[in-house]
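Read through the structures below before going on.
The following pair of complexes shares a single chain, chain A, combined with chain B in the former and chain C in the latter.
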Partner chain A sequence: MAKLLDKQRYKCALGAMQTVQAITRAIPILHSGPGCAQKLSDSTGGSGYFSPNIFPCTSINEKDVVFGGVKKLHSTIDNALKVIDADLYVVLTGCIPEIVGDDTQEVVSEFDRISQQERFEEAGGDPGKFVYKPLIYASTAGFKGNNYKGHEQIIDAITDQYLKRSDDRQKGLVNIWADVPYQDLFWLGNIRELEKLLSEIGLIPNTIFGYNRGIENIDKIPHAEFNLLVSPWVSVRNMKKMEKKLGIPYLHYPTLPIGAYETSKFLREVGAFAGVDEQKIQKVIEEHENYYYYLIERYADLFLENRVINKEFSVIADAQYALGITKFLANDLGLIPAKQFITDDTPKEYQAAVREEFKKLNYGLQADAVFETDSYRIHNEIREHDYHGYPLILGSYYEKELTESLKGNYLNIAWPVQDKVVFDDFYAGYTGGIRLIEDIYTVAVQRFN
Partner chain B sequence: MAVNLNNSNVATRENRIGSITGYIGSLSDLASQSECGTLKGCSRCFSQSSTCLSSCALGQLSAIRDVAIIHHGPAGCSVLSANAYYLDKVMAKKRGVTNDTVYVGTDMNENDTIFGSTESLRSIIIEVNRRYSPKAIFVTSSCATGIIGEDIDSVVDDVRDEVNVPIAAVHCEGFKSRIWATGFDIADHAVLSSIVQPPRENVKSNKINFKNFYESARPEIIEMFRQFDLEPVFLYCNSTVEELSHISESAATTCICGTLGNYLGNVLEEKYGVPYVRSINQCGITGFETWLRSIGMATGRSEKIEKYIEEQRAVYMPQIEEVKKELKGLRAVIGMGPGYTFEVSRVLNELGIEVVWALAWHYDKKYENGDVPPSMKYLLDNDIDFEASVADQQNFEVMNILHKYQPDLYLSRHPGSTVWAIKNGTPAVYVADEYMIFGYKHTLEFAYAILNSIRNRSFEQNLAKRVKLPYTDWWYKQDVGTFLEEAK
Partner chain C sequence: MSYKIAAASSDHINIDLSFGAAQAFDIYEVEDGRYSLAERRIYNAPDGCITEGCGSLGCGNGGAKGCGGEGNSPKVDMLSDCRCIICRKIGFNITKQLEKKAITGFDVDCTAEEALEKITDYYSRLDAHKSLRGFAKEDLRQDF
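Let's turn to the complex of A and B:
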């Protein structure tokens, strides 16, 4: 049911175009109104090989609403294949075609391998030179859910329409899945760091997003020994589908590992699942922890002897960062969680499990985490909470003014982001934990008391 | 033009003033076809994404201080709210005021598309009013609510007494016009129908309505108008509802961009007799002087204005003449909204730069008063002609043109467009700030912006060398108009 979405922190399912955009040389073809791509894109970091303003789009008009837009969709796909050089074309449907009932699947099926080849040969092409252009579609009408769900739709579409089961498994090959590209400010850096960590314990990571990844990595998915999902809930259903269709088992690690405590735990758990020698893992952990604590030791004075970072904090973010950062600040830095706010409209079926995770903190600490999309209520709760000192608030841009009014310390870590430019920075892993500390104390040192 | 402020719907630009988004030919042909009424826009069987009219409409309305925007639709439609929040905060801070405008969505879901959600909408309006006590409320539709026939007008009528502040239904279905500038008209219509009051009796005003985007030149314009005993009222960024309620009393209306301001200007003139200054705009020397003189005529201040022009010319003209020497002979392609394309073409001509192709994101055949746009008339009267096309930011067409013409320079005004030119190795100037070519001072700065862009081409050359463009060789061999189809 429609609800008051006050200071929204997510987009709609069609926002999944950014998931497609994160796959190098994959392009969305939008069957939607003319301005959806522009609205759903972020104004910086969007000008890659493809950018939202060049996504082919049927730009539905009043006539198409009345008479249907399948003809326009057909010509848009047909010409997109001619004009745009891509490895994967993903048709995404917006609100209009799904309400008026355009049969997108039917149109997409007219561009299957056989039809493409026939068209190529009819146009006088040399059969030996035919190159198939993979085309899939996903139902991403805005009213079907938010962009976290849209992201899942894309991975399901790849699984359902592109991937085939394989018995040829590569030893040690692991597909890594994490949170939603672009919605997650640190998506690129995080997934690279997760890859690096897995490589260090002798596994072979496979991911589909970002630089130098793409269709070849998608092709590798069925050959993996297992899927590793690092997310509280996003993509759980993708993992189940792949398990069923492709026979790939999965390990669900709900917490984005940030800092030494969680990352070491993460490596042990992944290693145990993959059957990696424990001593090997221990060695990797020790090396990292030694350096990590060398840094922490050097800056421990900063943590202890400043006048502005108080022990109590709140994170206002999606489940991934609310959980990951809460665990980091509690278990690594010894801070105390005040209330935590999960803003991604987590589906009901996952809420209990996510809430449980917030209770697994050192010294029996439990964080009170609430699922809330109405920022008016979130802000009221923050205002009314006694942080027993300056609050430390990690959230979206909406928390900036609020935190200033409470004389607190604020860091912009969740969408919408206006206070930070991130190319490939990350918070995942040992190094990521150090980066987050740097960011928090960069804020702290700008004031004296 | 006949306006009906009692109806919340505004006719689209296509229907009202014959606007088009598809044409290829020349400036003179475009103009002569407009005048004899034979111009028919083309549609495309392949297009790339462009802009939603709701972004223009709600971008305007959400910049007004302390109002509420309630965007009834899925979360993707109201995603504009995140940017509006940021802009409102930073623009108010720059001005030294506060802006507590709220922009909320209704996160419409699948059930709502089947059963409707006007009841929820009603309670959301009441709750927003309770939470924030806004000075005015705009309730807006989306494609989804439009198609399923949500009657937002009735909801608005129903709560009007209860909320007790100006409230308007704003019809923003993205599919209804390919011309996003229709959104500007929609915003003006909402302000005119819900906030603007008839002039109070015996109020003599020295105010001049100045429709712009982000008021970056505000201090200098205030200073300039002070010399003419005029006080500009900048619209709508940082406007208050109180200010807006009295814009019908101003001595004149002017705007930085004809596309942005023509609906408001015309309605204020037609309904309240506020003269609308319809000259070419303030870009460049001729533009600035013509505009100032038009204001002088409309407000009876010609003498003061002539004095100002003379003083400023003495300061800036020698400097502009100096930099022109280095720009002479450059060839440029430009792509902008029609409110700027033909204005900036004139300035480039003034600076000695040849326009080889001009793209307008749309084209208004006639302005509301029935005339061909003044910027275009000026070019034709002065025998300036070039190849021209109308394309709603169709980047593949821009790239095809840049590839064929390899100009020295590409100028564009919209986000996401200049980056493609530089990937082609073409230096690009992003004419984003609407005051970038305003008057003598900024025309000089603009000339230097161009000069500096071509003096050091390292950035685009470094990048262009290393990137592959996403368009196929096939496309570069095609005619730019390959996908245009005769309108039926």
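Let's turn to the complex of A and C:
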């Protein structure tokens, strides 16, 4: 686990309650202290049918440490099932019950068995009237890791406790897994754009997060032909588990495709894996690229005005964005990468592979990427680096003041976010690349106003 | 380190009284993790208070300052030398008043013996800066 001294850029594993929240009509039931959900729910865009302020919580205190919190957990689950109309209930544990050793798993599985039985009897044994309320459990104690790991725990819990292997596979159906909801500002827009791209090459995308997705989509997971993971390391573990338990193969595409170069590469690779006709893919790519380069051409005067944009850039973000944006800015915009900072506490076993990806840039470029969670050190390195002029910094809100002091251009693309409101905007795909250029140049041109 | 625990019990065996209803508290003295009954402290309600346990009635007695009045309840003052108080139920106001004096209120449904065992074990660990890992599991606790 990382040692943090200054300004952390992720939350504890219990932050994965936002992953549950992103599944429509799924609700987390927290077995934690009373302040946890409040503290973890700081991002905007978190209200709705369920919001962190109404998440059922055992609110355990000193008494529950001494006498055990199992009874309270039992009554909290019981009442949540009675008063909250949801499709999926996910019990999440915080640090305290995990340390003292409340056997949450035991309570949940026992409760699930008995309450389902009771409801079945209430329905008079009629499967048509019986309302099945799936109840699962994920261990998300803060000391076990950050919310990227917590996110993996949720997907694992769904795989382990809810999904069942199926031999009935739907041709062309692909489960897409990408960003960590809410932690990533653009999670909703990105996943919809990836869905759109896959549809265009004739595949049927299936995702579980966001509007109009939910338990039906979770039910579809075992019927997919394969899983597509677009992320450097988050959820690799989940893909392996699904491969083992559900027999679904996976394609791991480590770079979030932003802009024409990477997106075309992405479509070719996914198409090849799925066995889509190459000409069909080529047609889709051409259509998109034509429009993309039409836009680029129109603004070539802006790009060629070398006073406008910075010579070198640094991205300070999780592996997903640090990698995606670095590739985009180097390959598509021809900017030179300075040092890139990966702040998501990437597990050691994935670090070499992620670092390697930063070396695969066009024009013989290579980016130096470091795994660093301590903002003090990151800021020192940025201050000391010679950007051959003012820097372009894409990072979290913590970098705003620093960039101002360096008279650089700054864009808030990673958590914590205070400088940007994003509903369903996205950076993925061809359109996403254009959006990112718009955002960067909007900042850049303001300098000369 | 020695400290005191107050228990609201009518028969010295079960924790069967709420804080409001208790007219007397068993005071246990804990020395080196071992507890013993030291005294039975009787509460003398100030004039004007309902002595038979105000419970849900809530007298709001301004003079006695109990039951939702401002300031401290005299019953809390009477127990201010204790580290924690064990009873069947404790109201929100009293819990807040106890917290101000750094006294923990435990509302439990068990025997005095069970409560005292668990609480003294808990405090022993806290005082010795020992981990509470596995504290909720009975079998692990006995190993301590």
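The rule is simple: the second predicted complex is superposed on the first by the 428 of 449 C-alpha atoms of A that agree within 3 Å, B and C clash if a C-alpha of one lies under 4 Å from a C-alpha of the other, contacts with A are read in each partner's own complex, and residues count from 1 in each chain.
Just so we're on the same page, a contact is a pair of C-beta atoms (placed from the backbone, for glycine too) under 8 Å apart; a residue touches a chain by one contact, two chains touch by 3 or more.
Note that the coordinates shown come from a computational prediction; the quantities given were computed from them, not determined experimentally.
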Three-chain arrangement built on chain A, chain B and chain C clash or fit: clash
Contacts of A:142 with chain B and chain C, given as first, second, both or neither: first
Spot which of chain B and chain C makes contact with more residues of chain A, would you? B
Touching partner for A:80 - first (chain B), second (chain C), both, neither: first
Between chain B and chain C, whom does A:39 touch in the aligned arrangement: first, second, both, or neither? first
Return first, second, both or neither, reflecting whether A:103 touches chain B, chain C, both chains, or no partner chain. second
With both complexes superposed on chain A, which partner does A:54 reach: first (chain B), second (chain C), both or neither? first
Quick check for you: in the superposed arrangement, does A:68 touch first (chain B), second (chain C), both or neither? second
If we overlay the two complexes on their shared chain A, which of chain B and chain C does A:14 touch? Say first, second, both or neither. first
Intersected contact list for chain A, partners chain B and chain C 62, 65, 99-100
State the interface residues of chain C toward chain A in the complex, per the touch definition above. 104, 106-108, 110, 115, 118-119, 122, 131-137, 140
Okay, in this complex, where on chain A does chain B touch? 1-8, 10-15, 27, 30, 33-41, 43, 46-47, 49-62, 64-65, 72, 75-76, 78-80, 82-86, 94-96, 99-100, 141-147, 373, 376, 397-398, 400-401, 415-416, 418
So in the complex, the part of chain A that touches chain C is made up of which residues? 62-63, 65-70, 97, 99-103
The answer for chain B against chain A in the complex is residues 45-55, 72-83, 85-86, 89, 102, 104-113, 117, 120-121, 124, 127-128, 131, 142-144, 147-148, 174-178, 180, 392-393, 395-396, 415-417, 419-420, 467-468, 470-472, 474-475, 483
